[in-house]
Amino acid sequence: MSAISARNLSFTYAGASTPSMDKISLSIEKGEFVILTGPSGCGKTTFCRCLNGLIPNFYSGKLLGELFVADVNVSDKTTAELSKHVGFVFQNPENQLFSLSVERDVAFGLENLGIPREEALDRVRWAMKSTGIEELREKAPYELSGGQQQRAAIAGVLAMKPSIIVLDEPTSFLDPRSAEEIVKVIADLNREYRLTTILVEHRLDIVSRYANRVIIMDDGKVVLDGTPSETYGEQARLIGIGLPKVTTLFHMLRRDGIPLRTNPITVEQASEELSKVLQQ
Amino acid sequence: MISVNNVNFRYPGASSDALTNVNLQIQNGEFVAIMGENGAGKTTLVKMFNGLLKPRAGSVSVDRVDTQDKSVAQLSRDVGLIFQNPDHQLFAETVSEELSFSLRNFGFDEEVIKRRVRNISTALDLERYLDSSPFILSGGERKRVALAAVLAWDPKHIIMDEPTIGQDYLQKDRLRNFIVQLISQGKTIVIVTHDVEFVAECKPRIVLLSKGTVIADDTASKILTDVEMLTKASLVRPQIAELMHQLPALGENPGIIDAYAAREFLIPRLRKADQTIESG
Amino acid sequence: MSLRFVEGFKFTKIESPIHKLDPRSKFILTVGLFSTALMFTNLYVLFTVFLLQIPLILISKTTHRWLRSMKAGVWLGVFIFGMNLIFHTPLVLSIAFAVRLFAIMSAFSFFFMTTSADDLGLALDQIHVPYSISFTFTTAVRLVPTMAVDAQTVVDAQRSRGLELDKGNLTKRVRNYIPILIPLIISAIRRSVELAEALESRAFGATEHRTAIVTLKMHLADYVTIIGTILGLGLAIYVYFRVPLPTVIIPIQVPEINL
């Protein structure tokens, strides 16, 4: 069974006249690393909120269609119940750290779930190790850099052992180097634990190399769905997606008549083909 | 002209200086990007340009007047500072009121205020929102209102603190075009950012700050290709610069950091390599 | 006058025997000092209660900030002294009231400087205060510095739009705070919504029986502190009812101020 299966999923926020998400149907398999992107207002955050029950429990409105997450039908499940299956990491690290020490913060979700103490401590240790923040266990969240805070947030979600993790623009407030580091942590977790990963991002130059699939939304609908190479084409450009610059470069060169075969999404792929052509 | 001379600054209660021996001269009409890691002192520095902060040692002067001798309101007349988060300034009942606020503070005539509000809202595509509450607008729209609110009084020097955070590609594109327009009107533009790709496309002069000191001050081409410098400031090379670096077969290249320049540079060399291509 | 005196109530992580004490025993000590200060109006006793705290402050290595909060408290002390004089309270008593203020302020300053909000939350949990209340408390404390930064940013942003907070008559000045308050309130609301979302996503409120991975344990020092406080309070009560205390005589005639 798929990790996530949506059928004709639509949602209109209370008070809005048009749906933010319009008849979305898709399925995501376990272990996939999916980038979800699209112009502001396209519905990507709306979709994510359905995955852990924030819609319709926290955000009221009209929800139609079907959504199964980890084989569980999300309708009439609370966010607390779904949090065991779907972990959610938000954009602003400041507003998702609750405690005055990293260790207690990572344990927060486990305490809420009533997980017995010994098991909780084990999971906390494991989660901190997996995200590389063990030496930070005694520190207070405000003493950490943005990148470290996001790692702590990820660890806190990871400790709850969900099978799916959703991250909503987690690099927004991070500088480029910290952003690259955090995306690498996310990719490592995805690979090592087959953690189905949904990453909402605009910074495609940083994240594309790790994803096996890109879903592009526009105006509430899914318009493109495939591998990064498949989706980073003319249509994506016209929608207004910020493609990696090497991808754009190759588009331009092809338009000028240079016969390039690949649609690169990383610098390595681009330099590989260009080197070959230049050496002829 | 904005002149920073041997400025030292420490926040009250801090254990170390936020700015140490900073020297910087910005001519009228220049386009400058101040870049560096989070906490490098970028925002601290620009807060000196309109007098919000005064140096502990050294001096800052705007158009030859020392900032110590003027109030923030007086300096703001010529130096418009746009903060990162529009929610920290929006308060009025309507967008029109919001845009009029500073104009009233600066003592403009009601007739002039009406005219300027109309003009700036047209320029920034906000006309239809003039009678709406600023709070119901989307994030991107609120950012535009904040920008319009500062441009309304037409300051000579415009400073934007992290204008690209949370923006999608289309919004960034629009911002870039708008900056170009402002520069053509003779405005001085200073942006504080760590968005390397954004800067690579508009190519301002770059001042790199790290831990409170200026570690580099040069053209975009020179700085964005200098990996050592960039690493010190927790930044990365733009993709195109990275790509050029990985093609040693090309030999020396004149600091190429954006896709258009790369294309211009590569086309003749690719065509020479592949003789089966027709030119043009 | 700056907000520096607030630092005299802010917790900082320092290695000291006082910081290591359980918050519950520290609180009992503070309540003991507070009650004793309230009981007495005798200047000698109040002064003693105040002086007793000085070695505690010294051991906890918080002297600097304590001094700062005491300095700022001088204004309040002078105010209390003055107000009492104006309403015909005898001179010695007026001084006593001011000293009482310092004794109480000092006791609470000492408590808050040496106890983290997290530990306070834990203490509340362990005495079976409902979790929602103790969590609200620790979160509020945690958010104070964050909101202070927000407040400063809003003030900066509006001043950058020409808002002058120090000009104009009283009405204008009050009105000038609207552009400060509204963004602050809106920011606070947005922040709360984000926090709530994140809390929900971490199963907040999922069960009645939360685990606690960290629990507070009382040690010898804590029992000593509690017993010491109880004995001290006992002594104070005895003295209050049984021991006639010498009073301070100040040979100054305060002119009657008739309002």
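Here the chain labels run A, B and C in written order, and each chain numbers its own residues starting at 1.
Convention: a residue touches a chain if its C-beta (ideal position, glycine included) is under 8 Å from a C-beta of that chain, and two chains touch if they have at least 3 such contacts.
Quick caveat: nothing in here was measured; it's all calculated off a predicted structure.
Considering the contact criterion stated above, the chains in touch with chain A and with chain C alike are B.
Taking A-B and B-C together, the pair of chains sharing more C-beta contacts is A-B.
Measuring from the averaged C-alpha position of chain B to that of chain C gives a distance of 43 Å. Separation between the centroids of chain A and chain B, computed from CA atoms only, is 29 Å. Only residues 37-39, 138-140, 165-173, 194, 196-197, 200, 231, 234-236, 238-240, 242-243, 246-247, 249-250, 258-260, 262-263, 266-267, 269-271, 273-274, 277-278, 280 of chain B touch chain A when the two sit together in their complex.
Those residues of chain C whose C-beta lies close enough to touch chain B in the complex are 7, 150, 153-154, 156-164, 178-179, 182-183, 186-187, 190.
Residue ranges on chain A touching chain B, taken from their complex, read 39-41, 91, 145-146, 169, 172-178, 180, 202, 205, 240-242, 244-246, 248-249, 252-253, 256-259, 267-268, 270-271, 274-275, 277-280.
Remark: chain C residues 13, 116-118, 138-139, 142, 145-146, 191, 194-207, 209-214 touch chain A in the complex.
Chain contact summary for the complex, chain A toward chain C: residues 52-54, 57-58, 79-81, 83-84, 87-88, 90, 92, 94-96, 98-101, 103-104, 107-117, 120-121, 124, 140, 142, 156-157, 160.
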